[in-house]
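Chains: A, B, C and D, in written order; residue numbering restarts at 1 for each.
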Amino acid sequence: MLPFLTMKQMRTAVFGASGYAGGELMRLLARHPSMQLERAFAKSLAGAAVSSVHAWSDEGAVFEEFSSADEIEAEVCFLALPHGESMEIAPALLDRGKIVIDLGGDHRLKDRALFEKFYNKPQTSGAILDEAVYGLPEWNADAIRAARFVANPGCYATSVILALAPLLVEGMIEPDSIIINAMSGVSGAGRKASIEYSFAEVNENVKAYRIGDHQHIPEIETVLREISEQEVKITFTPHLIPVTRGIYSTICAELSGAFSESDVQAAFQKHYSNKPFVRLPTSIPEIRRVTNTNFADIYARVLPERNQVIIISTLDNLVKGAAGQAIQNMNLVCGFPETEGLL
Amino acid sequence: MLPFLTMKQMRTAVFGASGYAGGELMRLLARHPSMQLERAFAKSLAGAAVSSVHAWSDEGAVFEEFSSADEIEAEVCFLALPHGESMEIAPALLDRGKIVIDLGGDHRLKDRALFEKFYNKPQTSGAILDEAVYGLPEWNADAIRAARFVANPGCYATSVILALAPLLVEGMIEPDSIIINAMSGVSGAGRKASIEYSFAEVNENVKAYRIGDHQHIPEIETVLREISEQEVKITFTPHLIPVTRGIYSTICAELSGAFSESDVQAAFQKHYSNKPFVRLPTSIPEIRRVTNTNFADIYARVLPERNQVIIISTLDNLVKGAAGQAIQNMNLVCGFPETEGLL
Amino acid sequence: MLPFLTMKQMRTAVFGASGYAGGELMRLLARHPSMQLERAFAKSLAGAAVSSVHAWSDEGAVFEEFSSADEIEAEVCFLALPHGESMEIAPALLDRGKIVIDLGGDHRLKDRALFEKFYNKPQTSGAILDEAVYGLPEWNADAIRAARFVANPGCYATSVILALAPLLVEGMIEPDSIIINAMSGVSGAGRKASIEYSFAEVNENVKAYRIGDHQHIPEIETVLREISEQEVKITFTPHLIPVTRGIYSTICAELSGAFSESDVQAAFQKHYSNKPFVRLPTSIPEIRRVTNTNFADIYARVLPERNQVIIISTLDNLVKGAAGQAIQNMNLVCGFPETEGLL
Amino acid sequence: MLPFLTMKQMRTAVFGASGYAGGELMRLLARHPSMQLERAFAKSLAGAAVSSVHAWSDEGAVFEEFSSADEIEAEVCFLALPHGESMEIAPALLDRGKIVIDLGGDHRLKDRALFEKFYNKPQTSGAILDEAVYGLPEWNADAIRAARFVANPGCYATSVILALAPLLVEGMIEPDSIIINAMSGVSGAGRKASIEYSFAEVNENVKAYRIGDHQHIPEIETVLREISEQEVKITFTPHLIPVTRGIYSTICAELSGAFSESDVQAAFQKHYSNKPFVRLPTSIPEIRRVTNTNFADIYARVLPERNQVIIISTLDNLVKGAAGQAIQNMNLVCGFPETEGLL
């Protein structure tokens, strides 16, 4: 354990603090008993009051512009930056011995070719890419506890991997039969000036997007392959719907045997009964049950005449899908209780 | 042709006129050049002003309570009633020689056992059930033209059947591989007092419902089997989302050969290029493009590495999914141009 | 009457065709029996398909960049441009003999000092400013019929002036006692990339803006002074609410005598009973009753113990508050029936 | 101090636990360090899981039917019942020595004639009506600390009284010049099956209601008269808007002298600088800044040319407008810190 890990109050810096995930991080850190927010970096809004952007904020704090890793005193750095930006900052922070939790996509895929294909830019972090640990605590807690560099999963990816991993590990579904339809609230697109996400365009509307080429496809396939030790192939269609927060994934897969709903439920119980942030409700999940929480709700129904299972998985894209999970990861890295500041 | 079919102005009666589909019917009839609304029946609101329910209405008209088929002078009767109610009224209306367009589900399934399984009540219309013609004009126009009793299709069913029929008929997809996720606006549940559909419950929320047992499943399977002359099996999961109007269906099916996107597009063109209410946009459909119109927008993408096609189909549940299609059917029955009053 | 006013089909050009008001104009013109859309100018989107912006549009038409007034063959030009842009184009168009309907604010105020104070820019149109006729047909129809240059009123202004003018003209309210609270849907801010109007900021939110300095204040005060021949002073607070379309104005004024609700109603009847687009409902207005229509609904309640009247006025900001009223004006200028293409 | 007030954990019972305010109470109590929820009464849902209604709830708890005050062991009873029901239960509870916080309207008005006029039913509580203390802690904390029966203020009333009291007490506004326009989210109408509050009716809509006769009018006038020792007369128009939570009040009043914005701001500072739940932001308030918090945000702008002040006051109707304020009151009654469990 590094010396500063004994400190009661860890100090943190948030990069990309003006975005929705950055703001949610700051809100959660403010009530975390063992953390103290030290710096809030937001390039485009340096000098502006945090409260001018984040409704919950007191009027005091001000966004800063980041200049150099040498000036950071905080022990933990959260990177909530647009894709492609954390790989420019993370190496220097790690070099100065910081714990880094990257909420962006830059370090989730070890395969640089795959990254470049789905993110349309080169992956340039160098050696640190191999060091990044995929931060899905329900499946990777030991590695996270030993890590100092965590790649926080994508929001859709968290929702889908949590839903599928138990059934794949138990050999209950065919790994190439998976069809996923998912919906996301608008905050998932980030806080940005865009006609596409303006109220008058999104309200009373639904639109699928990035059919077959969303960047979470390789993330889901790679992680599920590693967890279940078999090739996994998914069909994934995301949709933008008129809600602010929430992911709702509806997944269909072929059963690899005559499994009943109880069998499926038993598999979920086996893997999640001691996981504090996965709930297994007995009725169909709703987004509002997870809004503003770090919970993922997972539910399954077997269709015997079709030999299929329908799995529904829902979470708040800004909490379990981003900032909450980042803090859950930080709790593990720093040796705090996994749920600290999150219940 | 029956004698009254030569009249310039046909008279119509709407049963269930206080509901959303009934209201939409009245609105569309009001601007139809060859139709005249004569009676608006709404049991629970008899005596109330139509304008107290339907925002677009002038202040004059009043809902009536239906007493007897003998009193109806209108040549055309639209039944926009809760499931189970039109089978009580339709026989007498047909007996008096009325043209009947039933927007409910009572006469869509010829198989009474199937009806009772999915609607949870017996089908009691008697002989007229066999007479009902399924009113999907894009696939059944000749039979509709010859009919005087039309079973108007369900909203989800219209959306899904239009999307799948061309590819099934052309033998391009496997008929037992179909996975459908669909979303509906709240008006699809009808106009009723219910906590479940109240704003505070639906807003910022999503919920799947009737997984695997929705009453449109047998309708879709039966109609697609008849159209494509093969057994068709679907997995169908509907979702309630916070929009007022619209159906958005995202369908995944396995290709039965190495078909390209052009092949798929050619199949749609072949069957729909001369159909006035099916559009084949070149970009991903959005609900707002079809809102308040009788159009269904259908779009497909082939995923070669998965050997699958993703088809997206969207329509307004109250227009092409209910009242608009009912008028389209009536136009065919009465010998008016198919698009009259609908563009 | 100018020679081209005898033509059955007038040709029109829309400037600012990619905005919400421009799009609504095109949609309404497409179904106008005596008008034909010839050109759709949209600087920033020249070359793009109209259907890529406006959901209702067919896929054929393309936005163009405007180069010179000499190239316009259309007899009627609608300017749906950001404030400050129509005064650069209108003079040349008028010079070529075009009929010009300006939907922007540039020519609504004859007092250049007032314009510069509220619009923060100089008014530079030159002599044509005096020629512009304020296009509120319910109060100015004769002047509009004789005009070839119309300044189309603001959306809030239309809503408020229609509500107050009858009571001011009849001397029933104190002209310096008027307190107006108004709400607008988001489309009123125009189609633009802006964090402020993004779904995640507007949904589940309300915010007042431009308290005491909104540019419609001098427009309302000036027009009401001219109509009622007395000084009028208003307090006006606009609010942004999470709806796409609609203006809802709630107005409180002191009665100048012991007038009853019937007296107030009689004043409205006197001025509006023969006006096709003003309705006087007998129950409290709702936005959805006017959505997608050119109607303004006006309703009043007298509070005898307070000696006040509450007037509620609602309209669709894109129709009666912009494009619909522009066509109503054009109908008057061109000698068409006032309601043509609008019912 | 009563003996049980020394206990570390107080026990509470919630009546009307299935409603929105009841649910919010339970959610807040669950995280209150000194309170323990013992009973959740909900007549119509007795036996149902709390989680079937309240999304945030764990799956264990069950609603009960209340039978007799003798069976209640809890020291504190919250009544979150429809108007008219708490006066039937409160006497027996007070008789058994319970602390009672009534969130309904039954005990806010001491004047029985006024109650009957605005609530359309007789006030039948008997002697306890005089004992009820109006629970607005910012103006009545001493009386609340000494009370065991608190009438929790209405949501609109809280918003309006907090906005006006400082300026009335300081003699800065004319007490008969007050014009209030307020908007409420749909949860303010309670959790009930009603077409009026269904999503398809409320979405994309606005509607004023109870113009001039809302039951919060006498509450506001009475309380402001008591606080400021002068007759106060208001004009109050509430509106239903398509948000789930939030009250937004925009108030106009005539200044009684040449007061500047600084003068007004100083009056607010004088009365609220040490009040933990009133914030005085420097920019125009927004609902989302107070959602899910117990804060009221108050802001004022002086219009010198009109000699008026515009005051904007916003809060979450379910928190500061109901359950949060109820707990704030309970904290005072029980001797806990005022903010306990609320920050």
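Here, a residue touches a chain if its C-beta (ideal position, glycine included) is under 8 Å from a C-beta of that chain, and two chains touch if they have at least 3 such contacts.
Source: prediction; values computed, not measured.
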Exercise. Average the CA atoms of each chain to get its centre, and name the chain whose centre is farthest from that of chain B.
Key: D
Exercise. Mind checking the rotation angle between the two copies, chain A and chain B? C-alpha superposition, nearest 5 degrees is fine.
Key: 180
Practice problem: Find the geometric centre of each of chain A and chain B from their Cα atoms only, then give the gap between the two centres in Å, rounded to an integer. | Solution: 40
Quiz prompt | chain B and chain C: spacing of chain centres that average the CA atoms, whole Å | solution = 38
Exercise. Compute the distance, rounded to whole Å, between the mean C-alpha positions of chain B and chain D.
Key: 47
Quiz item: Mind pulling the chain B residues that touch 2 or more other chains?
Solution: 201, 203-204, 242-244, 286, 288, 291
Quiz item: For chain A, which residues are in contact with chain B within the complex?
Solution: 179, 181, 183, 201, 204-209, 211-212, 233, 235, 237, 239, 241-246, 248, 250, 252, 284-288, 291, 301, 303, 306, 308, 310, 312, 314
Practice problem: Enumerate the contact residues on chain B facing chain C in the complex. | Solution: 51-52, 55-56, 59, 203-204, 281-283, 286, 288-289, 291-293
Quiz item: Along chain A, where are the residues that touch chain C in the complex?
Solution: 20, 185-187, 191-195, 197-204, 242-244
